[in-house]
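In what comes next, chain A is part of two complexes: it sits with chain B in the first one and with chain C in the second one.
Entry: the complex of A and B
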């Protein structure tokens, strides 16, 4: 089953995704991550690339039961069972939906400290897809 | 603006009908709606049609509405496909109301359909996962259950809501559906058993979720000043609201409020000249049980954060002060994506006309009924308020 995140679509924001590059609004300084064409605070549409630290805290999460995640994750789910997803609130302010890595479901709690790591998501269309996941600090 | 009335509604049974076709299902909804117009309506007199669907896995993406109108025997009408994920036919309803209110059209239909049993399970998962902010939410490996689960966890964290409150909504709706012959799931669900159901996306379990459903529905509308030509029991569309919001929940300032519901409800109440207190009963979008609790708050039925206490009070039960999802809701009546919005209108219209299919679930002394139809996790919301003509 093919993914709806096509290779070109995946490639178009690869820096933003893998290197955590946010957009800083030139008018008001508000950070946008994921990046967006228009600033939610002031309506400005000019941004400077700004790398984020990759540190944050868990804002909310869910343990998605086996075979519930999108079908491109089937191989991984067959091997690992559940998929752990959450929203991380980054130290710099923005929130983003992420995969959680190297953590037991029982350890998860709102407010736990996390940091970004590059991990394999799945392989498709002949390419390994890597992406940013978040793991507990200290693991 | 011209006043708008509903003169007939029709819905198929909701369920899994692999042996039936899209055309066959839509035809049944149309015939039921036409038969519901007491004094009759020539199908050729329908001037405009708005058909909601997520397109059944892409099986029929182009010219969906003309094909369905063909199946309905309403050939020639200006027909178009309306898509806003699970809120597709709530917005089809809104556009049909607008077409008549503007004075452009005398008679219009709003309809909706989905046929999910035609898709293999993996394709259903593929297809259902592309109504969020795909580049971010999908690549995080979540499905919609996971997204609503994350909203539920925040609600529990911020307001002390308990898992039992969430499951109470599912149990209420499943048991309401026992009396609804058109509902998909008509088996009683006991609270204790529901609390022990397997994990779907924590904290939600399989008991807290809707299923995979086939079904179709149609609403026939006309200028209110023409309605008596068709029925002695028209139902007025007194309020219509629609709004959108950030698609991904991580972009919203709050994950425990659907701003789209608040905005759409404000418009609908304002148009009707009423407040939330005036709503006697409602059909709300309980794709996952937490969504019903959020709807109580965002529609103004209770204070922010109090949804757990509100459901525990019994206020939204069939015999409560303000019954919610007396039909069984999406969880038990079923959620054939594109049909859900107009299916909710069918239910409210039947209740207001005293035409519930079984006496057991006919609500008494109801004046204003509300529908709330949500696309995705709140990216698009349509709210309607209907009222029986005195």
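Entry: the complex of A and C
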């Protein structure tokens, strides 16, 4: 959810990205998000689509400063400064690496409540990629 | 009776005070504007529209099957490839849906609401979503750029009209020359600033059109229009006693979302039975006449009110504004 994705791959899992559709293992019930072909808990390979709430807490974070972000974020970083990334622990359990929105680095703290929002991820190859970022609840 | 079942509004987080223009340019050309809301680097009318729609859908007492989505927007990211298609992708599993993008004038937002109502009235489906979102932009050295802001609002329309029943709609069209236009391929609005007062003329034409119909006692005018137009619009619409909104002074000119956003603000405070006229004005006018419904006070308890959205946000300086709006970027208006 945080870095370059080819357009075919982006198109293939657009629903999963935009609506946070997890895979629920039919064998053990483990949730996988992003979805995977094999369950990391039991090795099962059959999943049911399960929408996630989009609510979670900040598990950890990183501030990518000094134009250190990948090239797809070049212009954004030049215009707006630090790129903020984090791992969100979703209410349903999965931990996801995400971009953070509408928050300054000094406001970040582990455990803060976050919610999913749709934002432009980046604009490359003539095409906009929309996807899910997380922002502080109440921002 | 067909009407609005739920509504939701969204504003970007970032705000620019009018004083920023005074400091940068010596004056703010948007007289009467105190501040405006504007899109951050990663926001646009699509992301705002999705947020407003999520708020509206979240206020419903139970989920409903949306059969159509009408998106009113003058600044869609794509000229071809429907930007509106991104909304249902983010909102619904179901793709069997009529999705229509309405654009080309500040009327587009109210036209989206009226289209959603007429879709339901025609019996094509029970529920439809009307979304208005906009973030107009202008050249940094143009005085009309000072007012340009951003906002979004969404209305779930259905058979019961619990929040507001639809009473009537009115439209007038007016060819305009030199005021607020954008040629094919242009990234920013143009305005020759001829001071022809086209919007007031459109409002007068709308007033004449409405005079032939029985409106009832219109309590509120939801226009979201600039301070100049608001001074004379009550008389122009032949509704001098109706209360007008002052949202423009706090969020700026949100294009096609201005009037629907003002409607959301009116619904936040209206009492059951009050008559509200929502009119999008520009190159003509489109108006929706609504009566606040019995479910309104219950449905609006959940979710953010417009006043709270306006009170929130983060104030930034002029250079930060220019950067977020890509106005200092070599990629302004182009692809990344």
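One rule holds for everything that comes next: the second predicted complex is superposed on the first by the 135 of 139 C-alpha atoms of A that agree within 3 Å, B and C clash if a C-alpha of one lies under 4 Å from a C-alpha of the other, contacts with A are read in each partner's own complex, and residues count from 1 in each chain.
Throughout what follows, contacts are C-beta pairs under 8 Å (C-beta built on N, C-alpha and C of every residue); 3 or more make two chains touch, one makes a residue touch a chain.
Quantities reported herein were computed from a predicted structural model and do not represent experimental measurements.
Chemist: Overlay done on chain A, so just call it for chain B and chain C: clash or fit.
Modeler: Here chain B and chain C can both sit on chain A without a clash.
Chemist: May I ask you to decide whether A:19 touches chain B, chain C, both, or neither, giving the answer as first, second, both or neither?
Modeler: Second partner only, chain C.
Chemist: Could you say whether A:9 touches chain B, chain C, both of them, or neither, answering first, second, both or neither?
Modeler: In the superposed model, A:9 contacts chain B only, not chain C.
Chemist: Which partner, chain B or chain C, is in contact with more residues of chain A?
Modeler: Of chain B and chain C, B contacts more residues of chain A.
Chemist: Hey, in the superposed model, what angle do you get at chain A between chain B and chain C, Cα centres, nearest 10 degrees?
Modeler: One gets 150 degrees for this angle.
Chemist: Is A:119 touching the first partner chain B, the second partner chain C, both, or neither of them?
Modeler: second
Chemist: Where does A:60 make contact in the superposed view: on chain B (first), on chain C (second), on both, or on neither?
Modeler: first
Chemist: Can you work out, in whole Å, how close the C-alpha atoms of chain B and chain C get once everything is superposed?
Modeler: 13
Chemist: For chain A, give the residues common to its interface with chain B and its interface with chain C.
Modeler: Shared contact residues on chain A: 121.
Chemist: In their complex, what parts of chain A are in touch with chain B?
Modeler: 1, 4-5, 9-10, 13, 17, 34, 36, 40, 59-65, 67-71, 73-74, 82-83, 85-87, 94-99, 105, 110, 121, 131
Chemist: Spell out the part of chain B that touches chain A in their complex, as residue ranges.
Modeler: That would be residues 122-123, 125-126, 129-130, 134-143, 145-146, 149-151, 153-154, 157, 198-204, 248-251, 255 of chain B.
Chemist: Could you pull out which chain A residues touch chain C in their complex?
Modeler: Residues in contact with chain C: 14-15, 18-19, 72, 75-76, 78-80, 101-102, 117-128, 130, 133, 139.
Chemist: Which residues of chain C touch chain A in the complex?
Modeler: 13, 40-44, 46-47, 50-51, 77, 86, 89-91, 93, 312, 314, 323-324, 326, 328-329, 331, 335-336
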